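Sharing a structure below in structure tokens format, with a few things to ask.
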Amino acid sequence: MTKLDQNPRQARPAFWSELLGTLTASGRRMLGRRADGGRVEAPDLAELGEILLSRRGEASGVVIARELLAGFDQADETARLVFLQALADRFGSDPKRIKKALQAVEKSPESTEAIEALHGVSEPKRQELFRRLNLAPGGTAALVRMREELLRHLRDNPSLRRVDGDFGHLFSSWFNRGFLSLRHIDWNTPASILEKIIRYEAVHAIQNWDDLRNRLQPTDRRCYGFFHPQLVDEPLIFVEVALTEEVPGKVAPLLDLKRKPIKAEEADTAVFYSISNTQRGLAGVSFGNFLIKQVVEELKAELPNIRTFVTLSPVPGFAAWLKKQREDEGSDLLTPDQRISLALLDEPGWQNDKTKAEALREPLLAAAATYFLIARDGRGRAVDPVARFHLGNGARLDRLNYLGDVSDNGMAQSHGLMVNYLYDLGQIEVNHEIFAERNEIAASDSVRRALPANLNL
Amino acid sequence: MTKLDQNPRQARPAFWSELLGTLTASGRRMLGRRADGGRVEAPDLAELGEILLSRRGEASGVVIARELLAGFDQADETARLVFLQALADRFGSDPKRIKKALQAVEKSPESTEAIEALHGVSEPKRQELFRRLNLAPGGTAALVRMREELLRHLRDNPSLRRVDGDFGHLFSSWFNRGFLSLRHIDWNTPASILEKIIRYEAVHAIQNWDDLRNRLQPTDRRCYGFFHPQLVDEPLIFVEVALTEEVPGKVAPLLDLKRKPIKAEEADTAVFYSISNTQRGLAGVSFGNFLIKQVVEELKAELPNIRTFVTLSPVPGFAAWLKKQREDEGSDLLTPDQRISLALLDEPGWQNDKTKAEALREPLLAAAATYFLIARDGRGRAVDPVARFHLGNGARLDRLNYLGDVSDNGMAQSHGLMVNYLYDLGQIEVNHEIFAERNEIAASDSVRRALPANLNL
Amino acid sequence: MTKLDQNPRQARPAFWSELLGTLTASGRRMLGRRADGGRVEAPDLAELGEILLSRRGEASGVVIARELLAGFDQADETARLVFLQALADRFGSDPKRIKKALQAVEKSPESTEAIEALHGVSEPKRQELFRRLNLAPGGTAALVRMREELLRHLRDNPSLRRVDGDFGHLFSSWFNRGFLSLRHIDWNTPASILEKIIRYEAVHAIQNWDDLRNRLQPTDRRCYGFFHPQLVDEPLIFVEVALTEEVPGKVAPLLDLKRKPIKAEEADTAVFYSISNTQRGLAGVSFGNFLIKQVVEELKAELPNIRTFVTLSPVPGFAAWLKKQREDEGSDLLTPDQRISLALLDEPGWQNDKTKAEALREPLLAAAATYFLIARDGRGRAVDPVARFHLGNGARLDRLNYLGDVSDNGMAQSHGLMVNYLYDLGQIEVNHEIFAERNEIAASDSVRRALPANLNL
Amino acid sequence: MTKLDQNPRQARPAFWSELLGTLTASGRRMLGRRADGGRVEAPDLAELGEILLSRRGEASGVVIARELLAGFDQADETARLVFLQALADRFGSDPKRIKKALQAVEKSPESTEAIEALHGVSEPKRQELFRRLNLAPGGTAALVRMREELLRHLRDNPSLRRVDGDFGHLFSSWFNRGFLSLRHIDWNTPASILEKIIRYEAVHAIQNWDDLRNRLQPTDRRCYGFFHPQLVDEPLIFVEVALTEEVPGKVAPLLDLKRKPIKAEEADTAVFYSISNTQRGLAGVSFGNFLIKQVVEELKAELPNIRTFVTLSPVPGFAAWLKKQREDEGSDLLTPDQRISLALLDEPGWQNDKTKAEALREPLLAAAATYFLIARDGRGRAVDPVARFHLGNGARLDRLNYLGDVSDNGMAQSHGLMVNYLYDLGQIEVNHEIFAERNEIAASDSVRRALPANLNL
């Protein structure tokens, strides 16, 4: 049985252009095509969208969808923004039909039919537009890219938020976990995918192909990703795993090109040391939770000796938060003693000076414990985004690792601090519930003990 | 790179039951589980649905979704209907939230935000329920089966229609053409798929594996189907194609086990002689249009000599329609002469009597032309469902084939009539438009000429 | 990375015929091609072989090889035999070169070079001919078929034996275990392969596709085969396995279409109940030994609960051997008492008569034990060919199953007797050695105890 | 249908060590295994070979083969050479059996049987040893590496030549074209294979992964290789192809990372600009001939516009040959005028000086024409090895490209000269024959015209 679907970029152009050539003159005119067969002009993109919505023919619909997406790709930035804005302004729901539906509801407020009719007519027309655009070859990928662009304009054009909401709604459905497939990414994976791993790695940058091989090929390294049938060569998210004999506190030895691998069968710990989302256009569609749990499942099945599943994670918000506390003399999240000791942080290179480093250890870890266990952001949530992700998944904050990442980036974002989150299947559900319902943070005793005495819970 | 996803039926049960074991006592209680770990009782299915909607945890959500779907599968028919009815009654939208949203709209009738909020709260809760059920392994297939069952109850329980509408809405999105893959089905296809071709063939029943091989293996036969990533072994729709040297008018020679194949390269005509939908649960999600056009594309690329793409189709509504016209003496769709001649139809076995068969040829073909070109159903549409499908795709009614199918079934449904619809890429768009917009039927001159003189257009 | 090799039957003919067209006039003349491009005449096949051996050009060599094999395929049986005879007569080694090499050896009897030169020139030319024929697309399969035909003539044409020896020598090299791949054959296997399983099953005939499915699809059934890269759709040998909870003594329940499968995880025994070679042309190249051991390995890895690996085997030579002993009154392999009791065997349908069946049990099993443990054929080997195969693999004769196969065939060949051979990895090597070196038969105590008292070892 | 064969490096060790554990005590002793299960000592390798040859059991044979190959891999260089020498000395044919066979031949000099028996006993025992070693997992690859090592010792140990001959004999059979598969290597190929393309490229070194991508990914670049089923990740030979609009004379523009690709459909020329063998251990087994012809076939089928198939090749022997001619004043292959002009070659950097470069053009091209068309090596063959390869394939020397490769390597080996060989299917056979039979060189008129007047043919 042969799979015949073409990669979008290999789609046979002859067929489509032939079909396009069969559009009636009026169809072609609507498409804004000149005699020379050039692409539609950008200003026509929204109009093209309206034609697409108005037609009943599915095959010609595919042609128009293709034209619109190609036109958007080739338009300049201004023209693209014009189209995005039109999505917000011209492709909402139809006020007349809504008015009518509202009157029906008014008349029979108990009628389920009336409510459901109201639901139907209040759906913004762009949702149907997106569904039809999705019929074009490569349509899904094009829509993900379109939203990626939209997101860049959100801050300056709040009215685009409603378009974003519709993208999010549809993408949640299309990228439902049920449609994704988990794959093992290794040194036998096609280079076209591996180069994307290099490009997308967001936590510990991959320097080159040797660095990449060092993360994929040794027997004590694994990498897994989720793929969607419509985004063939694109991992949506991937996680890098090290198999070790103990829970590591530092990242450099894991990435060392010269380290000696151990046999996978000898490992008792799996360390998730990097997890990267790749598609900005899929913001808000969460995969990480499923990915980690399914990888735990895979590893348990393949290597029964592995009993501990743990992350080695950065603490991206810590340095900024600490700076703010130190500047805000009224904050009671730091003790006076701590404030004095932490002054050493301002001396560049302190981490290389044994005495200074030792002097900072306790006060910094105490501040870290406060950061995780006590501090909350303006919406009452844990401050650290990585913590929110893992705690939300049901993990537990297990260990604070002093000077775990002394790279420039590690020192800048967290004064070198790294942490381990522990995935204990027997506790995931409880941890998740108390975090989700009561915002309580699951943490080990060792983390709790690091709190300054006055804050100890 | 290895694909790790399990076939649903092979999913590792250990992992899930372990995770399930980690649910808090209250979680387990809500799941209605007894100490002995037995399945939930059927009456709890709706309650389980409400638990599923109320939870934020995604992993435990998967567990609950799995339980609910398994519970539904194992429940007896009554309990299943109770659940389906609950979907209609208990999983609509929330009246309180709607009331509030309506008030907001009343207050600012121009506010897009208010309208969009109203849209959000008026979405029936079962849509979100279905999306969450879809997270379970094998969820998509289970939901398709659930709808199949629902459809059987629609006539007796019109209130279930609203559930059906939500299924249809989501399935259109999930089974978007962009997510399907076209595959060539041949004698190298796994037996697990081939047995479904035998089972699902809806037009000309496949007698056994020899009959099947005869439709797949010879060089002048092809079969193509659409597959969805979540329904691994299930073709959603498939079409059987014969490559020939002329447009055939009879189906028996095509299916003859003893016919001599020709070389594919020698054929100039591709005949779509059978097209079958397989999943009743996907009613209303149309694939056939895309399938035929993409198969045309494939064949053109592989065999440039093929210039004519044509169906050999049954006329399932003809005999019933003709009976009605003959009984209705007021109908002017039959001429008095025709009525007299057609009386021969009442003599069993007429098709085997040369004289009678010749006498019937002209009046019957005239009636057929009337049936296609003039007659309309209560909604003003072409009467024949197969005709509506192909004409809606932009095909043209090309030829009437007298005694094209003299099987019992063929005689019963259409007095042996078969027809060819022609797919001419250069005309598809025009044909489609005039059919969709004006309900005009594209037909060849030969078909038009068959009309009785008084009806000739 | 795409595999580009064509299936032989799909090879692009244009390329080859173009290349063939470029042969010089003399080349074409040698090929015996007429102006109209028809195939070579059969009588030229041997001449074509000589041309092939004489050429240095590899590409034109492929063309000639292809012509020769196609010519052989299309020739009538007489012409084919003429060619096979020519292989024996005209493609041996060259007497002149041998004479020269012999003189060199005479001159320096100690010279390794002289000996190796002698080895080189004494290689029959047909070996090189076969190697060159193997270059043609589909060449390997064609040569296997050619040998299959040759084998049918061996008895009448002993001079063909030398050709057979060369086939065997090359095939042993080409079908070396290192080049085979083991595959799991199941209900997802392409129909083109499954129909060959039906055709080739040699032990318990497969009635139809339902019977086949019953042996492949249930969770407690397995089938494995060896494949060679050049014989794409052809299993070389395959074994059918039942997973059970005890060692079975009868075959009918295993093949029962209505039996209830158990879960694979619950089985503790794997029963090899049928093993079939498929290619007569590969006679003498042994795969079975490797197949069984590798399947044991696979099953141990997949299902650690399985501890017993055993066959349920026919005893094809028993009835014939017993008849002979009964007729030969001088034979001391039967006791006088046995002779009397065994007379019941001559009463048709005895197996359905409880009393008779019970009366026969002991004497028949005693005769069976004698057949396996004491009797030897003219070459001093165990009489039963199936026994020789399994004992030679290192298995042990474990149990005699009275009335294990009461089918017509089973009664005819072994009075219903079936046996189990046990594959115990810890004993394989010892069993194999004592069998290979001393022709001693490894057997369980229960089998030994069945011997008549006078023969008991 | 699942393929179950393990990659050699993933083979389940448990099974084998278990089987090994079952060897009888004497078996283990022969294997030289100590109680602690350590590897065999290197000096035992030859003895192990003799054990392997003496055994009849195939399964234990696999174990011993595995041990021997592993022992060889882990032995130091001296021990390995000892084993290679033993292959030459101890694994020839058996003098006693030869003597007997010779006597039989003497007695009946006409007996084919006697000759064939003599052939059998004169086969060196190492051939059977190699066949048995090939049964071990990964055996083929290990034997190829073993021969690679052997080749390095040939010059100093001429007695090893006989071992080399046996390797060559078996490899020709095992790596028969019929067992190879042609694959398209592109940017979707696994990285594990691509890194070997980087490593093995022998003509124009690949600098890094960007350079590699530039040769694989653009639409006007192709790469094809032959693979053997037993050397999974190893291309045996590969060719890099550029699709162009004219026959190129310089290599640098082809490799330029910044060049602009053209569409494959626009190209009318396919340029084979690099062809690399990868396995030294397969020396003497020729693949290149088939590879180029099959790639021509693939490209013709995929891109019918391509009409010209040509190489852009180095001239590795030219500078050395020319130096010799210039030093040998008696050589009449250079005219006195040429000798004077060619003195400019001794001025470093002449190629960057327009005047000098122009002055050298004609005399250098004349010398090149002489080099190809007139000069012969000690065995009467064309001097240039690349020329011998392509001319032997039936190509024609088509064009001399002055300063086609001005890299350091290009200047050093050929004073910058590159040439094109043309593969014209209509001429291949004729060219090949006249080259193979008469050593005549097929060349274009333009090459012939470049000859000095006195040598012009």
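What to note about this one:
The chains carry the letters A, B, C and D, assigned in the order they are written, with residues numbered from 1 in each.
What we mean here is this: a contact is a pair of C-beta atoms (placed from the backbone, for glycine too) under 8 Å apart; a residue touches a chain by one contact, two chains touch by 3 or more.
Source: prediction; values computed, not measured.
The most distant chain from subunit C is A, comparing centres defined as mean Cα coordinates. Interface subunit A/subunit B: over half of the residue numbers present appear on both copies, so the contact uses mostly the same residues. Remark: subunit B and subunit C have CA centroids separated by 49 Å (rounded to whole angstrom). Here the spacing of subunit B and subunit D, counted between their Cα centres, is 57 Å.
Centre to centre, using the average C-alpha position, subunit C and subunit D are separated by 37 Å.
Among the residues of subunit D, those in touch with two or more other chains are 1, 188-190. Under the touch rule stated earlier, the contacting chain pairs are A-B, A-D, B-C, C-D. The residues of subunit A lying in touch with subunit B in their complex are 1-5, 12, 15, 18-19, 21-24, 27, 56-60, 62, 92-93, 98, 102, 105, 112-113, 115-116, 118-119, 122-124, 131, 134-137, 139-140, 162, 165, 170, 172-174, 176-179, 181-186, 188-190, 193, 224, 229-230, 286, 289-290, 293-294, 297-298, 300-301, 393-394, 425-430, 432-433, 436. Within the complex, the subunit C residues that touch subunit B are 187-192, 194-195, 208-209, 213, 217, 233.
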